[in-house]
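Okay, so chain A shows up in both of these, paired with chain B first and chain C after.
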Partner chain A sequence: MQTRRISILLLALFFSAPAWGQALRYAEDKAPGIVNPVYTTSMSEARLNELLFEGLYIDNTELMSVPALAETAQLSDDKTEMTIRLRYDARWHDGVPFTSADVAFTIEAMKNKKSLSTERGRVAWIKKVEVLDDTAIKLYFENPEARPQDKLMFKILPKHRFTGVDMKRTDAFRTEPIGTGPYKLVRYNDDNSIALEANPDYRETVKLSEMVMREVSDKNYQAKLLHYESLEALVRVLPRDLASLQNNRKVELYPYQTNSWWYLGFNLGKKPFDDPRFRQAIGLLIDQEALMAPIGTGDLLSGPYVKSSPYYNHDVPAWRPDEFAASGKLEELGYERQGELWTKGGIPLELTITAHQSLESSQEVVINLQSQLQAAGIKVNVEFLDEASWKARVWRERNFDIILSQWTFDRNEDIRDQFHGKGSRNFTGYSSSRVDALLDRARESTDPHVKKAALREVHAAIHEDAPMIFLWTLDSYAALSTRVRNVVVHPFYFFTYVLDWRMD
Partner chain B sequence: MRLYVTILLSLAIGCGGDDAKNAAPSGDALDASWANIVVSQPVRFAEVVGDERTGRRDGWIALHQNDFGAAVDAFNDGTPHGKLLATRAAVERSELFEDLARVNDIAWFSTFSTWQQRTGIPEGSGLPYVAGLHALDAGDSDAATAWLELASNAKAEEVRNAALQLTERGNVTGFSADVENSLLRSLARHELARQNGDLLPILQRANSALFSEPVEVASDEEGSGLPALTVERSFFDPQVGRTLALGYAKNATGLAGDASPNSAVLNSDLDPLAKALFGGAPAEMLAQIDVAQNPTAEDDVEWAREQVRRLDEHLDAWEGASFANASDDGKALLQDLDLADVFRSRILLGLAREALRGDHPRRALAFAQLALDLEHPREITPVNHPALQAVIVEAQLRTGHTREALDALQVLLPAYPVLLGLDEVISDLAILQNLDRHGDSKEN
Partner chain C sequence: MRLLKSLGRVGLSFFLTLAGAVLFVQLLLWAAPGDPIDLVPNGVEFRAELEAEWDLDRPLPARFAAYLGRAFQGDLGTSLTYRPGSSVSELAWPAALRSARILVPALVLTLSVALIMAWFSGRRGGPAVRLTQAVSIAPVFLLAFLSVTFLNESTFSLIESGAIERPFWFALPDTDSWVRSLLAILVLAVGSGALSEVTAACTDELNHLRNAPFIEAAVARGARVGPHLVWNLIPAVASVFSNRAAFFVGGLVIIEKVLQLNGAGAMLWQACLMRDYPLAMGLTVMAAGAVCLARLISDVVRVAVDPRLREAA
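Moving on to the complex of A and B:
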């Protein structure tokens, strides 16, 4: 009888709730610094963009390009032009219709050097944009393109919310973003959380009516919040937390493939980091396994790819601690051991390791690294930067000695921006004509064996030149409450298929 | 309307509700499982696995750790029971290589057809020979004929000759091991290995390319300024996967002395525990706990997850009850051998394989991924059966997630270096499928 009463009550409660509803609260280590796809630099920003904005094309669940804001397209016989008919029924979150002018504006703003877009490379292959009418656009390419739709996934911005194509990071849009996507940003909260609501005008049903992004920099705390049901999703779980989450029957783990690796990056524009022998010496003084241990399991790496990558050179071993060899290199550079410390001209060798304060477990790694290097006779200072300082010091000013950070790549694993002499994300200032030639050759080639050979050689060269010491890759798992159903995770952008998700 | 429905449903519950259906599982339904027998009858378990003086114990340790080769060798002490146990391990190995042979076929077919579609076959390349050889070996004579005809344009004389001979013969058998042409000698080796189950000559060469050809990429001094580049285009042997599957199957039948080694084991006088140990659950048991019954017609991932949740409810109940009631020896076995997780993993492996056979790769992927022990995600362990990774590779390939297939294959490579050729061909496929994409990268 008691059970029956409870059944009735529960049924009544269930049926009084909205058919779709409840907020999905997910955690990010750090809140997005800017909500403008033209300036996206972090994964948390990319994930939020996926909820708010759309591109002309999108990956379906089989990772094939399918139209999103585009409706149909025609490629010219010589493959240098593409006419795209756009959706007529898409609207911006403020109700203004989406038109071809928005597409043209976005491309021009991204190409505009004054905008300083971090995504400029994504439109470099487009020579010209022509607006044919409100719902049709023609793209002209620098070179023939076999499948241009595969490159048309960058997010489109609303022309009417900017004063012109000279976009700035500080434009008001950054805190008042509007897109055409399934969610609208409704509120920034004082605790750095961001509240999103389903876009009522979206062309498909949005089953999760609300999303909340919570900034929780402590990964341990993130896992606890999920255990205590104060969150519904963690986008990335540390390996050490996997076992406890796996044992929680109210949580499911979703592996997804991100090619991401941790590294120490040197500033090659400063002495003594400009000398490869110094950088190699540092590599020989580090015990990578010991550094990784507090985080959990992963794979130590020797180059700029993960081990499963077609481009990983398995003949190149990861750096192993060898104090004798390291000492030899430092002595070649004029350093000598005086007591406990390495010195040159009587001045102790001293450097600063800089990390982003929100990089998961960076504090542990940096402190351990400091201990290792100090035990080896180097004075080490450490600093942790917030988002704004990181962007300024590392991205724009290149003002650092050594950084600890992490790169995440999509399935293309295109490292050109990080290591080419003209790369827009080449923080270290690395420059090698041989590596540049190999990277360019790999990019141009359509022969997988030529690409593999060239990029495996790049791996070996970069390892030897050591502009970075590659540390490890960790397995990527998302953790979601079992109340969230129909979850499919995009291997890079995560939320691409959120329209299918629902909450019980 | 909602209130009306609520009242109706509530009345239905009130009048006809069966509290027993909603009761938490007790775990009783798993009493007949091998896992429960081990925990509740540790003495019998000890008798089955033997003690340190016998190779049989080493065999069981190896089987528990999913090291099938070591298990076969350790079990095969020449006694009838030893042979039967070795057969059991050999069957497991053979099934794994059947899974991998299927992956092999998907990978080779997809890679060469994609290569042809996306970029065209490189001029003078021996690639069509390899594609034709694979097609012929897989029984697709039409595709083989088309590919081998293209191979007549190969620069390398040895390749052209081999292609001609294959075209004339129309199959991959009947070649002599004494011929000068190394490609034809390779065919003879495979035929012999498939006949007699001696895989050593295949294993010794599996990690070497079948043949290589130099690729000269001309400089572009007037255009991009890129210098010339010379690389080797290496093709691995597409027959390896099938030969290993057939060869290991041959080994199993040889040990059993029976065309159906599974039946030989099941019908033998081995202790039933020895037949079931470290295996899955019979269909009747799954029916009793209402797991994987009445699957949906669609490739429904959510259905698969629901089955796993239901299975976990029963396993959790069983594990709790077992631990409470078991002797100290039984408790030790439950924990030391990770019996609940091993049992779970084998059940899910069975469901994953069934899903693949039923053309439901997404469901298979869900079952396999949910079976893994994430404390050691990149290792083969008692819980992480290697076939789980083989299922994941196949499911990822079949759903367009080629790059992710390589992650799963990477787990298998240290224990099965013979998969290097498969890794390279799937790498080629991943590259070809993403040729026109613009790479994206972000910090953290």
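Moving on to the complex of A and C:
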């Protein structure tokens, strides 16, 4: 009898059920290492920054810039200066009023070389900032800007929490971040989760009182946790989890379009990839639709923009498999078919495809790509690298043949760093004076039609030169519990419209 | 004087083990492609400055010597990429304590269960021992994955059918859960041959003792042999304890990743991926220290129990 009572008690203890709170819990692969918008290194940090901090401008649901910490703005006739009147009612989480000094401080800190800011590029176009009074600043630009508000979304930091513009990663701010945003950071937990609470002094009503970021490194487990109702939101659903989540009546899927595209990048510093005919031959040997099909749905691309972009050149078709044309190009380069393999001077044509380990579905794509190219007579090796190895081999050492990767852009879709001869992310080594001139024209022009025309020409030129074979953009889905209402997600920052969200 | 010499030898062995472990990890990280600067988005632009700031511009032997010097003063450095600016001690000690709460009970559980099975099965091949071998042969990662999946799926089915309410420990609870810790302890204690090998070792030692002349003499006199067997088993158990400690420390890394426990093992994994040299080496120092401590405890126990070893020492 005694044993039975103890057993029942133990079972009751084991299965006892506290209800979960009203916090919205979302998952990230990796917890933010540093909470300081000036040193953002990952999308998980960018999403957290979206909750804690604000910029001068913000996207509305039509993805048009609207004032956030700015109130009104006046652009000079020559478009090289902008006077911005700031909100007078914004306060930092510690109650100190937000002023123009904070804006000036942030811009100067980001521009300061000693700060080693990862976001320095976001303010490179600003020549000078002048404080007019507590609620007004004047910005001076390096070049005329048609729509400077589109670039004024970087987050503003509190001047009073730093000793000067020589900011450091190790500043105490990283663990005690203070913003003007709708949420305040409450605590870091032992399990790497971060608890946030609504900012009671925020100028609008924050309907979700609490949010919790959970670190779940296994993406498969993230979807499981949504099924188990241990999470309320997944930022991005893996294609293989879509079917099961679609069938779950307690989960709602939200499609969104990112400015994100997959590509094969060639090392133009290495033979035979330095010859555009070879690169075009590879493009003609690949069946992009067959590569994309197992990993999801989306659009095949022919250039460095997504199809919905105003800069996408719809007159340029994507590469289609054409083995005859590919063979012609290889033969022009001195290759000949010996048996099943292409050879040159008796040496079989062999290349290595390198992919990033953590790129979702990259393994399936690379293996299928390997099969396609091997069927076409090319020996293909594959390798997968972790983040540090990837950055070292591809970005620093340029030690690769072909890479499979993905670029993601914010709404500005600035591809200059990737394709300009002086671009800091031009790891393919691509150089075209024509493309450089077009990119420069697009940057300097204040006429949106001129910019659109220039970038469409860039699209066509890059497609032809083929430093990259542009593959596709995939349809993206977020998944949220049906308990979360009024959800609209921002394609890049996810939480931009969180003020409208509420939970039953 | 002899005691001082012994202590000196122990101290030197401890130091050499730690230094060796740190050197090994530092060489592995140095050999791995990429460094922490590669993980900074515009690291290419600031490489020279970051190398100076992070002390990466010095040759490896100089860095190693400087690290050891600081480590022995209690300064394990500052995290570079995992939590930039945070002291390694502040990050690693709480994680190590969380791991210790899994490691020590797992070791104790393995030894206890192994001893009980060895005592009562008497010879190899009893049904309990065979069952243990069958389960214990499973690798730790597989055992962890299967057990957590089975537990979550079966519990979720019960919740969905309305048979039970949602338990507090279910599927990544908001607070630490003893159930998840217990699962980790059980998997670590049993998996990758831990329980079966320790049981086999204990069984062998017990059989050896049961056939020893002094036990036969005790049986012939009609004396109780239990206390003699237990006392003489202690040195062997102590040896097993110290041998298994290193394996258990390694198994922790897997279990903490699978069960989403933020202990020292999971942190070490992340630190290596992120090329956070100070954090990886700090955690290595702690792991090596734990293994050395286990060895020291084992040596002390063996010397305390066995008079022959005392005389030799």
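A few comments on the model shown:
We take it that the second predicted complex is superposed on the first by the 257 of 504 C-alpha atoms of A that agree within 3 Å, B and C clash if a C-alpha of one lies under 4 Å from a C-alpha of the other, contacts with A are read in each partner's own complex, and residues count from 1 in each chain.
The rule we apply is simple: a residue touches a chain if its C-beta (ideal position, glycine included) is under 8 Å from a C-beta of that chain, and two chains touch if they have at least 3 such contacts.
Bear in mind that the values here come from a model prediction, so they are computed numbers and not experimental data.
Contacts of A:Thr41 after superposition: both chain B and chain C are touched.
In the superposition on chain A, A:Phe324 makes contact with neither chain B nor chain C.
Within the superposed three-chain model, A:Arg120 lies in touch with chain C and out of touch with chain B [touch as defined at top]. Contact with chain C, but none with chain B, is seen for A:Ala392 once the two complexes are overlaid on the shared chain. Residue contacts after overlaying the shared chain place A:Thr170 against chain C, while chain B stays out of touching range. Contacts of A:Phe409 after superposition on the shared chain: chain B is touched, whereas chain C is not. By the touch criterion defined above, A:Asp191 lies against chain C but remains apart from chain B after alignment on the C-alpha atoms of chain A. Considering which of chain B and chain C touches more of chain A, the answer is B. 15-16, 30, 40-41, 121 are the residues of chain A that lie in the contact sets of both chain B and chain C, per the superposition on chain A.
Interface residues of chain B facing chain A in the complex, by the touch rule stated above, are 2-3, 5-6, 9-10, 13-14, 17, 19, 22, 115, 118-119, 122, 215, 217, 224, 226-227, 229, 231-234, 301-302, 305, 309, 312-313, 316, 369-370, 373-378, 399-401, 403-404, 406-407, 409-410, 427-428, 430-444.
Here chain A touches chain C in the complex through residues 14-21, 23, 25, 30, 33-34, 39-41, 116, 118, 120-121, 168-171, 174-175, 190-192, 212, 214-218, 221, 224-225, 227-231, 385-393, 395-396, 424, going by the rule given at the top. The residues of chain C lying in touch with chain A in their complex are 32-36, 38-46, 49-50, 53, 78, 81-86, 94, 98, 152, 156, 164-174, 176, 179, 257, 260-262, 270, 273-275. By the touch rule above, chain A contacts chain B in their complex via residues 3-4, 7-8, 11-12, 15-16, 29-30, 40-46, 61-64, 121-122, 125, 145-148, 150-151, 153, 239, 242-243, 246, 249, 252-257, 297, 299, 307-310, 356, 358-360, 405-418, 425, 437-438, 440-441, 444-454, 475, 477, 482, 485-486, 488, 491-492.
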